[in-house]
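The letters A, B and C name the chains in turn, as written, and every chain counts its residues from 1.
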Amino acid sequence: MSSPCRASLLALVLLAGCDEQARDPRGHPLPETGPLLSAAMNPARPDPRAVDYYKNAFEVSQGQQLFQWMNCSGCHSNGGGGMGPALSDTKWRYGSSMADIVQTIANGRPNGMPSFSGKLTQAEMWQLAAYVRSLSQHVPQSIRSGRTEGLSVGEPSTLRDPHPPRAVTPKQDEASVE
Amino acid sequence: MRKLRPLLACLALSGCHGRQVMLGAAGRDGSMFANLWLVFLIVTLVFYALVLIGLVWAILRRREGGEPATRTGLLVWVGVISVTLAGLSIASWLVDRNMNRAPFTGLTVEITGHQWWWDVRYTSADPSQTLRTSNQLHLPAGMPVRVILKSADVIHSFWIPNISGKQDLIPGRTNDIVITPEKVGLYRSQCAEYCGLEHAHMAFDVTVEPLADFEKWWAQGLLPARAPVTPLQKAGYAYVTTRECSTCHNIAGTPATGQVAPDLTHLASRLSLGAGTYPMNSGHLAAWVADPQSAKPGNKMPVIGLEPDQLNAVVSYLESLK
Amino acid sequence: MTELDPDLARDGPELTGVELDRRLTAAWRRQPGLIGWLSTTDHKEIGKRYIVTAFVFLALAGVLGLVMRAQLARPESGLITADRYNQIFTMHGTTMMFLFAVPVMEAMAIYVIPLMLGTRNMTFARLNAFSYWMYLFGGTMLWVAFVLNTGPDAGWFSYTPLSGPEYAPGKRVDIWAQMITFTEVSGLAAAVVMATTILKQRAPGMTLAKMPIFAWSMLVVALMIIFALPAVALDSGMLLSDRLVGTHFFNPYEGGDALLWQHLFWFFGHPEVYIIFLPATGFISELVATFSRRPVFAYPAVVVSLCATGLLAFGLWVHHMFATGLPRLGFAFYTAASLTVSIPTGVQIFCWIATIWLGRPQFRVPMLWVIGFIVTFVIGGLTGVMLASVPLDLQLHDTYFVVAHFHYVLIGGAVFPLLGAVTYWFPKATGRMMSEALGKLSFAVTFVGFHLTFFPMHITGMMGMPRRVYTYPAGMGWGTLNMISSIGAAILAFGVLLFVINIILSFRAGRVAGANPWEAAGLEWATTSPPPVYNFPHLPAVASRTPLWDEGEGLPVTTGLRVDDRELLSVTIIDAIPSVREPSPKPTIWPLLSAIAIGVTFVWSIFTPWALVFGLVPSAIALTIWFWPKNPDVPPEPEID
């Protein structure tokens, strides 16, 4: 039985310690009622909660479900953009970090993005942010959400461009928003 | 004999009494099931006895020989099995056909399965008479009801064992089943198709009542939610209709118009909470609102983290939604 | 007859005894050491590994079963979380069905069938080894994933859309679907090896009509596997592509259909039950004959029953889908078909009882398992009759009644015969008898534990308890029955543990068995226990269904096979007339390396589709070397007229 032992040992080493497949409906131990963006202004130290959400397949999929439920598609059209900006491209006016996205969801942005503060819980915003982030960034296949069970709009998630997003100045992007 | 039958069945299986049992015979299909079940039970018991007798005889027999007789025996055995099976097939088919011949009188209920709760609509030709509720079913005794079954996510299965058999709720398809509750009473229905994390906690209450009561209940259900009276209720109303709750829940007659979670318009008049998970009372309601993820881990309601006074207010308001 | 090459050494009157043994052993043994151990193509070694691995999976899945019973012993128990429970019941079902029940039947056959047929090895010996490695890797992958909290949680049936991309996030269901791919490849390989061996490598004179019934059952099963498994391979392939590349096979909003999954799954899934059950009936036929001291009564009827079951098994998958709202008229057909399949089973039961009735039964331990089988399995069969009826099924479906039903069928109908068969063939494989006293004790404890566990579930189901729930409310009246089931489960586990202890003790210090300790009639008892690496010094020839009873010590033999190289004798399919001598491949490491290359490709492809491209290269290299033409210098052997 030496061969199977070795194989499983190797696999264990490779996968050990990753809880990206865990499914913890209670959310994460950090206090959910703490300040929303402890480190939003400090990109060097990202919010410690972020990693629990964007590195977990279940949280990303919950974000995907919220994206549908909250009718984000109404403006963002499954990430492809419409009335609102596209989320699956690489242009981000208000920053593409988890904290930035949560900030956008919570407080809204000019030109139509409503505020969801008090409408969604913080955990839900983190989940949404994790999903939105996965629309444009390269996330491992083991975390990324699959297609939804519904009409398919836009390109499939598997064909998304995995280039990292970049920030753009509002002026440069004005045309595409109008 | 007619009285003896259920008695026999009860002796065989003590599954006659209860809110969620197959031999409850509280509906048209349920009674037919109980009778057919008894036929099958007796036939199979006879065959089991035959096999056991044969086996014991074979073991105890102390001599050899008799092969020609055994060959005849095999032919007889095949004949007996075939005839019996044909009989059972036909009996089963006749019962099935009878079940599908339920007369239909016009009451239609549309049930949509969600992970892990039931959205219920009593439809009516007059749209203003359409009643929406969740996680409960009121049925008039003795009247066939067509239940339209849809699913919003995965496959669920609709099953009120006392009244009728199962029918699946399948995304992309519309199924229907006609059920005829006959005995007034309180029953329980539980999702019968594995539907994910909280499949175990996806049930609802079924109240079978006389037609007059049912009509009263329907009329009552059409009313908008009660306005808050006490200051505490008013505070709760303010929170529920403007904050997180209203994003997902609908309360008729208020600004809360969310469509992705159970309707709360007459929440406190229901018998249970969390899709048949807890009995409805203020203690459970408070526990649920405070931490739904402890009450039913994995359900789609997030932990909001209400402050104690907010919690009091919200529970007080929800309790007033009779 | 064509002239044989006189330079090549062959067994025969002039070459026999010690010298023959020395030369055949030299030709058939494998290299010593780890590499040799890994490259073996000997069906006995592969069979033993298969059996041991399958029993390890049985133990693992059995432990999961106990955990579930512990959780369900009390209402509202908080022993394990819903998420863990869902993974556990999925793993229990998946492991039992895909990694234990089917493989263990193939495994028993891989060990026993060549001995029963009187041949030196199976056809495609390397494919046989490859089949084992694929099975091992698939099972290991599933269990490693489970340990890492990535165990599948959509049920062993993985209904879409619950198992689809939206509702089963992460890799859990991908692991499940890819494990199916592994067992597919492994199962199909084993089935091809099995079918060809049975059809082409029987002892001269063993016509189809004289073949042991177990061989018949394995032939039917091998053909069933070949027809049934592609359906689930297609199904899991479509699921993977839905999940990984965004196709819409099961998405009704884009023209797919959620029910398509169920049709394809049960088109495989129902025959699967008979793939497990038919080998068990083969065991029973062998055991009944041996311990009743007479051939099975009405051999043709039993064989026809086997074939009929194999055919009918493909016509009743819809009885798993009565509640899905398919057209009602069609259901009557599936009810009738489902009921019809109990006719051949009834015939077999009659024949076994008649065999006991006509013979002089000896109640050794294997025979006790036979009796336990009949008493238990018939209950499962009869509840199956109930489930075939649409009105009854609409109530009973997906309740604990069904759980009780299929455990009666699968444990009573397959595991009991399996344990009897292990007891029966244990002396052949190890040269030692299993302890009779411990055997009787383990039978009694297992039997009692089994019924205590599963009989109450019929009632729990009738009282409305659905399947696959991680807990249930108090006050439903299910508590006591569940507690009884849980206690029974512990007893059942203890019984199986006694069986394993018996195996270990007997393996070390059991009574030494002769070549034919049970005085049985089959060819496998004609060689020593354990058999030499080449199985038979001279291939036996047979003239009846019970050669050892009819010929005694003077079993006629066939001679003329080469002794300095691996050579097998092929016969015509129906009449078993020798037709050609064919070389048997030597041991090689390449089946293992191919399995590793293909296994890595499979696992990798869960994470990126590019794996299929990159993984093709090592797989192609490994397969090419494996199939590189061998022995081009040896002239082809002449045909036998």
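What we mean here is this: a contact is a pair of C-beta atoms (placed from the backbone, for glycine too) under 8 Å apart; a residue touches a chain by one contact, two chains touch by 3 or more.
Treat the numbers as computed from the prediction; the structure is a model and nothing was measured.
Greatest centre-to-centre distance from chain C is found for A, with centres as Cα means.
Top-ranked chain pair, ordered by C-beta pairs in contact, is B-C.
Chain centres here are Cα averages; for chain B and chain C they lie 39 Å apart.
Distance between chain centres (mean CA atoms), chain A to chain C: 46 Å. One inter-chain figure worth recording: chain A and chain B are separated by 38 Å, centre to centre, where each centre is the mean of the chain's CA atoms. Shared interface positions of chain C, defined as residues touching 2 or more other chains, are 83, 161, 166-167, 251-253.
Touching of two or more other chains is recorded for residues 23, 25, 65, 149 of chain A. Under the contact definition stated at the top, the residues of chain B that touch 2 or more other chains are 153, 171, 197, 297-298. Considering their complex, residues 13-15, 18-23, 29, 32-33, 36-37, 40-41, 44, 47-48, 51-52, 54-55, 57-59, 61, 64-67, 70-71, 73-74, 77-78, 81-82, 85, 88-89, 91-93, 95-96, 99-100, 115, 149, 153-155, 157, 159, 161, 164-168, 170-173, 175-176, 188, 190-200, 277, 297-298 of chain B touch chain C. Note for the complex: chain A touches chain C at residues 2-4, 7-8, 11-12, 15-16, 18-23, 25, 57-58, 60-61, 64-65, 140-143, 145-152, 156-159. Partner chain B is touched in their complex by these residues of chain A: 23, 25-27, 32-33, 65, 69-70, 118-121, 123-124, 149. Per the touch definition, chain C reaches chain A in the complex via residues 34, 38, 83, 136-137, 140-141, 143-145, 147-150, 153, 161, 164-167, 169-172, 242-246, 248, 251-254, 592, 606-609.
Listing the residues of chain B that touch chain A in their complex gives 153, 171, 197, 242-244, 246-248, 260, 293-294, 297-300, 302-305.
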